[in-house]
Every structure is written in structure tokens, then in C-alpha cells.
């Protein structure tokens, strides 16, 4: 069997997910035993449009990106969205919570119209996506897991339960016990709650778990003295495009 | 005690080789297997094994062959996900991991001398077959034997050669139906419960064995009850999520019962009142 | 030979962060058009943070760039700290410096080893290098991994760090971890030498191109400035960071979503070469020795030597990290709690990150909610210099075959190690030079 | 068996010797809380803690545990991983030991789990009667303030010394090897009895289960269709925190991982929880406990009815209060639920 050809693409994002791939170090060489990378702008000059699997990082933030995305979809047998920006709009979607014109004028002043942009969205809103690797950035282990799934033709086992599970398994003190708040109880697990383990709180970068109990969490956050505005902002950091409207 | 077990760990399988593999329908594949250590599996009709494709995972699969067949055992696997999908890619000569046999069995001893009514829906024929074939191989031990088999469509019927043979047997009453027929189909159409109007089991002497998809039970049980078959004599085989097969992982619990240990074969008397059973 | 006819349209320079295009047209040796374009999708960070609370800003602005996320986080928390009058403990100051070293080291090794070396060896990426130069590639990987381990240990993660918070650190490494890190860094000496020797052997392949320009970096009388200092110029003057706006006059140009900058001269350059030119005297002996051996002498006006300057800094950063760790070990490490009482004010945070000076400038209201933000990104300061360099370089090479010209221009861009996706957002807008 | 005493000073020496020579797991501070962990220095040990974040089951059924390694190929190899490095578990509170005793039964019945048993046999258990109760503890109401089996040594703080009940030969040997203990006197016995009798009162007055433990199972059996489950579960995150911190939860998930060589790998098991949405799901997306309320009820009934059945009627809630404290919406507290449902 010939090696599947893979390509990396990026849209609006910080390239942290592609860096995560580079950071695989020796494991990347192991991956290369099984796949052929035909396009990876961040790391190589060669490029080919003949690929089987496309890994796409970043959000779609302007009409012009849509055509490029559709081309990639046409060329690829399998499209994998990597990182929060691509799976849900990620941090980029924060700009969606304020009026677009205000946002554009704040940054580019009177020239704001010269710089094309629209509501930041995950690429799944533009093209069909076969797999999603969540996280900001995605974790190395989940990326490798998905690669192995692609190689073995199975569905990767991506958790569908809240971050609290990872946190309890890691033995963390709940941030609520420390007078802080987080959105872990409605966030999809799978990162070993790394941010909480490192002394921060869960910001929600892996997106909402399926069937999140958002109302219950709003109530809890209010109980912990978060103002409605703060609460909305906390939820907006990564959930803007995922939360039910209204 | 289970025979296909690693003596160091409950959870480590032993290796079995696929002697024969063939597609029965577009979604069901048949496997004939032999344990590499030469042991007989030694199962009873209705029991299941945990089948491993190492690196992918493990899935509980009912043993489809009767223990009267020696030297091998048979499975029928529907492609439903990762493990079953990986199994579908395997051909004769490949190896798989096996643990088992596990669980309770159909009451093949207790029902000797009685009439047996099998009601099998779709894939339910696979586990039912272990008992059906046992009965056929010990035909003298049982009285009237009736088999009701329902499939969604004619193309989803499997073991058709065997069904044909059975249909030719004088001492077995086989009734089939499909939910939706096609041009080739001349038999009954309609859901499996429609076959009940064609039979007349004796409630005092009949044991009714029901195996099929979760949705089927409620309706079939109601029909069996209408025929006055008692809860003791309605026997079901239930499916649950199972991760260990040995009563530890907790996934298969039906309220207080462990489907893998207390089941998968239950009488309605045991589970009829249990809210989570159906 | 191209006979002086060039039609170059490089759609996305590869092996750089973000999307950048090169367009060059020349006819019969006359250069008609030279353009460095930044078509990256704009991301509007300065607008995203408006209305956000002080404890969210570093998390959000970290996402400006995955490669220098430690730098962005550091600049961000420094801005918040300055706005709220928070003072860091000595321990936190040391750890912050270690964090910046970790990131600069990671980024430089990546740039020198994965992005530039292939050009010097004449291949398209590090992947064929892994076959042709397996030992060298393994050594580069090893150094890169050590840098990442250092980030993990100090910052909690390599990309988008979690431990760096306004006021200090939410978690600190243990003594044992620091001891282990020191051993690892010391054990990396032969690896640094090996990569250094390879670079020395290949350095003659770096084009000899000079264009005098102004260099800007942080500068400090006590140390080779990275984490803190004054704004300093190769023209000799310095200024407190509060004056950054007059040093980084930004202006919009139509070909780019990134803004351009200039100061006293037509353009300016920031980054490793700028730091070397301004602060070389404060390097460690090891770093100085290597610079001398490879022929990097200040002032150096050859942009291509930026890569060499980066490697000199790698040597410096390993040395200085060991020094910092020794100091931490000597002092002992303790968990510190940080209490922040938000208050209104404006704060500017600056660090010199892999690609140059990075500035975050926030204004907060009484509740610690951000009302105004400005982020000045190093690559953004370099765009104008890239354009000017190209304008100077193309006429010198206009008669070379097109492929060669393309390669040289790509190498030029790569020498800057640009971070294009992070350079696509500004707040303060001057349209004077439109 | 015999009873000894150890002055606090001698206990300190004992702990120091222990830490030097044996792999010792004890309680230490973690931020504002306590946790069990490897002790490298006797000074880290905390003996007057209230409760630990996670239960000691971590050391008998780790959060993630390799069951076996495998190697694919012409001759597939399977290598079970049984971990049995001896260790001393120091300072496990009575209620947690009661839970451990229950787990001994659960893991042993029908099919004995070799992985659990190996670790259990490798452990020397030095139990400790609590001197503090957390604000959520209610072991005083659950017959768990003391235990009468499962320990090698059992310590009771009787003021300036520990009363040491020797439970096994193993315990006796440990003591004689590392400590200079004295025989317990009649006064010591009296002091210890007094401390014991007052243990239940360490739990706060409002942390009492009002009904008799004997009646709980019967009452809970009758409450299957009570509206309480729906009402409380409305706020449930399905986060499983209540499962994961509980000393008597033992459910697990099993996963295969394959290395990038696609030839070697492991099968592991991982803590799971019946509150999690996918727990009872099967292929084809049929979920046998689809509603939050079904899952929520299942946990409480497991503790009070289903698992209790396997334990000769002993309740599988020992009153540690961990689930109560971990549940952010504050719906899962057994005290509130039992007091509402049991008459």
C-alpha cells in the first residue's frame, strides 16, 4: 500500500497547531514512516495539490477564504480540522460578540473597508469536515491519536464528557475551591485538564461537550459571584459559535 | 469457569485463528474460529465471548455455533463500529483475541421435554442459532420446535442455506417474515409479531426464546403473553455496553443486575419488573 | 540567464510563519515593480480584548502567535502589571527571564535548523535533510526538544503558556526540576557545538548583501536586554518604552494587512541582528567567541546574517539560563500567591522576543476592564525593511536566472524569520504615509 | 491481636525510618487541600488532615492502568502487566479503609481481579482514626468512624501518643523493625475507647443522616420513581466528579492504544463514571440511561441498594463527603438525599 499523502493548510490562526506538529520531534519522523507530507508551508518549500488528507488550521474569516477551502475539500479525501480556530472559530470568534463595523474601525480606522473580514467561523461551517482535533493548541497526543485512527481506518476516541473528569483524574484542586471560576464543567475533556494542572483555570478551548448543561453552569457561576457580563464573556471566549443563540 | 482465559490476567485474551470468514450480508460477516492452544471453547448455547482486535479494542459477540459442534466455534459480526469494523477486514488465517465464554446460557437442559418457540429478529438469529442447532442436534430431547425469524428485508437474511434446510425439516416449523419485501420475496411481509397469528403454542409446555434488537422485545413479549406463556418460560437475551465481560467494569448494569454475569440470558420472570431492562 | 526579465509571483513564501507573497517584475534589466505583500487574514485582537477583564487579556493575546506565545503572554502581563502597579518578586523576575530564554531558544533553533539550513544545503525542507544529514537533524531535534522542555517546566506549556499570570506565576518549578534542567542544558554543549560547526561550514553560502539601515532593540546597562530595558537604536539614542509610539510610526500600505513602521531612517530592523548590533558587548564569552569565529562583527548590515546572530544568541541563552537557574537554586524556590486589586490606568509591556521588540499597551477602567489596547508586533516593524531590502537587492541580481532570484528573495524573507500571522493587527493607526 | 502505643516523638522516628526504607504513601498538603502521594521526607506527612481530594483507591485501581502489552505479528504476544511493588499506605482514615474492605470483596467475588489483588497484597496498611472532619463529612452517621479489619496497624491519636492496634503479623513486624513501641496500658485502653466513642461527633451537627443505616436500603428501593431524581438532575453536568472521587466507585473503561510502529501497543483501563453520558451507550447510539436523571439515580441506588446487595447489605457509601464537596451544583449530597427519602 502506498503511503497516504498529507497536506497542511492554515487560515486565520496563530499556527500553534502546526507548531505542535513540528514539536512532535522524533515522533514526527515516526509519523513520516507511514505518511508522505506533500505540503506544509510552515516547514517545507515543496507543494503539491495531490493529497489524500488535508489538515486545516485556522478560522475562515473572509469570503475570499471560502474558495480556497472548497478547493482543498475537492482535492482531499479526508479533511481534518486542527485546533480551536478551525473546529469552532476559536479565539477569533471573540470578535463576533461585538458589532463587526466597530471592530473593523477600531483596528483599521478610516481604511477599515480595505481589509476584508466577516464573522469568524470554524471551517466546518464552510466545508464538510471528517475529523476534528480540538484544543488551543491541539495536544500532540490527540493529533497522533487521530493520525493513528486515519492509518487504521477507525474512528478516534475523542472524549464526550466534561473536563471535570480529566481534572479529577489529574488530582487537581477544583479552581472553584480556590475562589476562581472556570468553564470546565461544560467543556469537552481530552487535554488532561492541562491548564488547571498548570495553575490556571479551564478556559474552554476544546469547545462545548455534547449536551452541555449550560443553564446549570450559568447558575453556578452566578452563585460564585460572577456578574452576568463576566459570565457572558467567560462563555464567549471559546463558545461564541457553539452556544445556542439568545 | 471460562476456558479461553489468560491465567495471569482476567482481561488478557488468548489467541484464536480464523479458519473461515465470509460475508453473509452487506453488513454481517461470518467467522469460524479455533483456539490456538487447541482447547475446546466449551461454551453453552447463549453465551458470548469477548473478541479482541489488538490495537483497536474488544467487543462482546455471541457464540453462534452449538456446542455439539466440536473443534471450532462460530461468530456472526455486524459492522457497527471500530472493533467490528476491524473484524470485517480480517480473513481466514488472521488471528484475533478471545476471552470467554461468558454469561448465562439458554436453558437447554431445563427445557428438555418441552416445546421450544424461537423468536429471532435480525442479528438475533446469530445467538439463537447456538440453541437452535443444539436442539436440532438433540432433536429427540425436545418436543415441538417453532422458529420465527424476521429480517428487515430479504437481503438482510443470513444463514439462508441453513434456513432452507430447516424449512424442509418435517419436525420443525419455520416461519419467516421481512419488514419490507422486494421482487424476489414471496414469503410473509410485516414485522415479526405478525407471525404470532400463525402459531398456536401450548402455554403449558412452551418455552419461548426471544432474541433481537432492543426495540423488538416489548412487542414480542406482549404477543407471547397473549398466548399465555408464563414469565418463567419467556427467555430473552439482552445487549448492553460491556467493557470487561467479567462483572467488574459496571457498564452493563441493568439496575442491580450485571448483564455479563447475571445475563445476557434472562427469564422474563427475572427482569420483567426491572425498570431498565427493556 | 534571465536577460533581466523577471516575472516573479511567489504566492506564499514557504518555511515562514504566516502568509507572505513576493511580486517582482523586471524588463531588460529594469526593475519595474518589487512588492512584499502580507495577505494574511486580519484578526482584530485589539478589538477583541475591549471589554475583557484584566485576567483574560494575556490568555487572549497569547493567541496572536503560537510561536512566540510566551513573548506575547509576557508582554501582556507586563502591560497589565504596569497598569495596576504590580511589582514582581525577584523569583518571578528570574523565572520570567528564563521563560523568555526558553522561547527564544526554541524559536531560534527551529528557524536555524528547520527553516534556514535546508536553503544552505540546497533542499526544500528538513524532511530530505533527515535522510541526507541524519545526525545533524537529530541534534537539531534534540536542542529543540530541550528548549521545549524548558518552556514546559517554567511556563507549564510550550504553546500558550499557562503559569505566567499578572503579578507572577501560578505555579513554579521544583528544585529537582530546575536541577534536572540545568543538567540538561549543560549536556547540550556538544550539540550546540555540532550545530554551530555546521552553520560555520555553511555560512559562506549566505549572500553577501549589505544595506545600511537603523536597528532597534531593547538595551540595558546591566544585561543583554531581552526581558526588560530601554528602547535603543543603532544610531545611538535611547528612550523609555513609554515613547514607543514615536519609535514605531505605523502606517498602512495597500498591499498588506500588516502595518509598516519607520523611525529616523526610511525603515528599521528589529530582531537578533539588531540586538547583536546594539548589545553585543554584553554577550557571554562563549557567544562572543562563536560570533568572532563565524565572522559576525558589529555593526553588521547584512540581513542574511540575522540567522547567524540568532545562533549566537542560542549560545548566550543557554549560558544565561544556567546562570539564572544557579541563582534560583541558590535562593531556593517557593510557591507565591499573587493578589491583584484591579485599578484604572494605562500600562505598557515590552519584551524582546525572537523576532524583535514586542509591545503591548493596555488601558483599564476601575474594574480592570480593558478599554483600549495596542499591540506592536516585531515582524510588523520589519515589513518596511523587508520591502526596502528587496528594492535594494533586486537590481543587484536582476540578471540572474529567475529561479535563483526567487530563491535569494525567499532566503531574504526567511532571514527575518517573519511571523506574518501575528503581525496583522494594530490599534494605533497613523495614515500619514498612506 | 496486641495493642501498643507510640509517643508522638517515636512516631516521628518511625515515619522517618519508614520513609527511608519503604515506598511510603501518605497524606500531604496540596494547595488548600490534602492528597495521598509518595512521601520522600517524613516532614511532609500530615496526620491531622480532614479528608483527601481523591480516595486511596488511586493506589489499588490507578486512574489509568495498563492491563497488558501486546505485540502483533506472526506470533502475537500478550504480556499481562501485574504491578506488585510493595508499599506502605500510611494514614488512611477509617471510612476509607471501610471502603477498601468493600472493594476487596467486589474485586474478589466471582472472577478475582489479579491486578487489584496484586496491589492489595503489596500494601501494608497503617490506618488512622480521624482527628478532623471536613465540613462535608458524615461518616459519623454511616458506621464508618472506626473499622475492625483490613489494617495491618491502626492508629488512634490519644493526645500525646498514638494507640497502635496491631492487626497482622505484617504490621507487627513493621512496627518492631522501625519503631520503639510500648505495650498499651489499661489507661491507654480507656483513653482510646473514649476517643473512639466520640469520633462520630467530629462530623458537624448538620451532617447527620437522620434515618437508621439499616432502613436505608429498603427506603431507597421504594424511591425509584420519586420526583427527586428529575428535580435534582436538572442541574447535573453529567461530569462524573461524584463518581471519580468516591472510594467505592470502581467502574472503568477499557481502551487500546497502538504505537506509531502499528505493531506494539497496550490495553489500558481508566476510571469511568456512570454519570457520564456515554457510559451505557452501545453501537448504533442506543443509550440505556439516556436521561441525566436515570444516571443520577443509578449512582445513589448503587451505593445504597445494588452494591450493598453484593456486600451483605452493608451500604456502599461510607460518608466521606467527597461527592458532596465536589459537586458544583450541589445536588448530589447523600445526606440531603437520604434525609429526604428515608423516613
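Chains: A, B, C and D, in written order; residue numbering restarts at 1 for each.
The rule is simple: contacts are C-beta pairs under 8 Å (C-beta built on N, C-alpha and C of every residue); 3 or more make two chains touch, one makes a residue touch a chain.
Bear in mind the structure is a predicted one, so any value in this text is a computation, not a measurement.
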item: Farthest chain (mean CA position) relative to subunit B; value: C
item: Chain closest to the assembly centre - both centres taken as Cα means; value: A
item: Interface with more contacting C-beta pairs, comparing A-B to A-C; value: A-C
item: CA centroid of subunit A to CA centroid of subunit B, Å; value: 44
item: Chain centre separation in whole Å, for subunit C relative to subunit B (CA means); value: 66
item: Whole-Å separation of chain centres (CA-atom averages), subunit A against subunit C; value: 25
item: Centre distance in Å when subunit A and subunit D are each reduced to the mean of their C-alpha atoms; value: 37
item: Multi-chain contact sites of subunit C, meaning residues that touch two or more partners; value: none
item: Residues of subunit A engaged with two or more neighbouring chains; value: 152
item: Residues of subunit D whose C-beta touches two or more other chains; value: 255, 257-258, 262
item: Pairwise chain contacts, counting only pairs that touch as defined; value: A-B, A-C, A-D, B-D
item: Touch list for subunit A against partner subunit B, complex; value: 152-155
item: Subunit A to subunit C touching residues, read off their complex; value: 10-20, 22-23, 25-26, 29, 32, 37, 40-47, 58, 61-62, 65, 90-92, 94-95, 98, 102-104, 106-111, 114-115, 117, 136-137, 194-195, 197-200, 203, 230, 233, 237
item: Residue numbers on subunit B that touch subunit A, as the complex places them; value: 55-56, 81-82, 85-86, 89
item: Residues on subunit C engaged by subunit A in the complex (per definition of touch); value: 12, 14-19, 40-44, 46-48, 50-53, 56, 59-60, 63-67, 69, 110, 114-115, 118, 124-127, 130, 138, 141, 144-145, 148, 156-160, 162-163, 165, 169-171, 252, 254, 257, 410, 421-422, 425-427, 429, 431, 434
item: Complex interface listing, subunit D residues touching subunit A; value: 30-33, 35, 53-54, 58, 63-64, 234-241, 244-245, 255, 257-258, 260-262, 270-271, 273, 276-278, 292, 326, 328-329
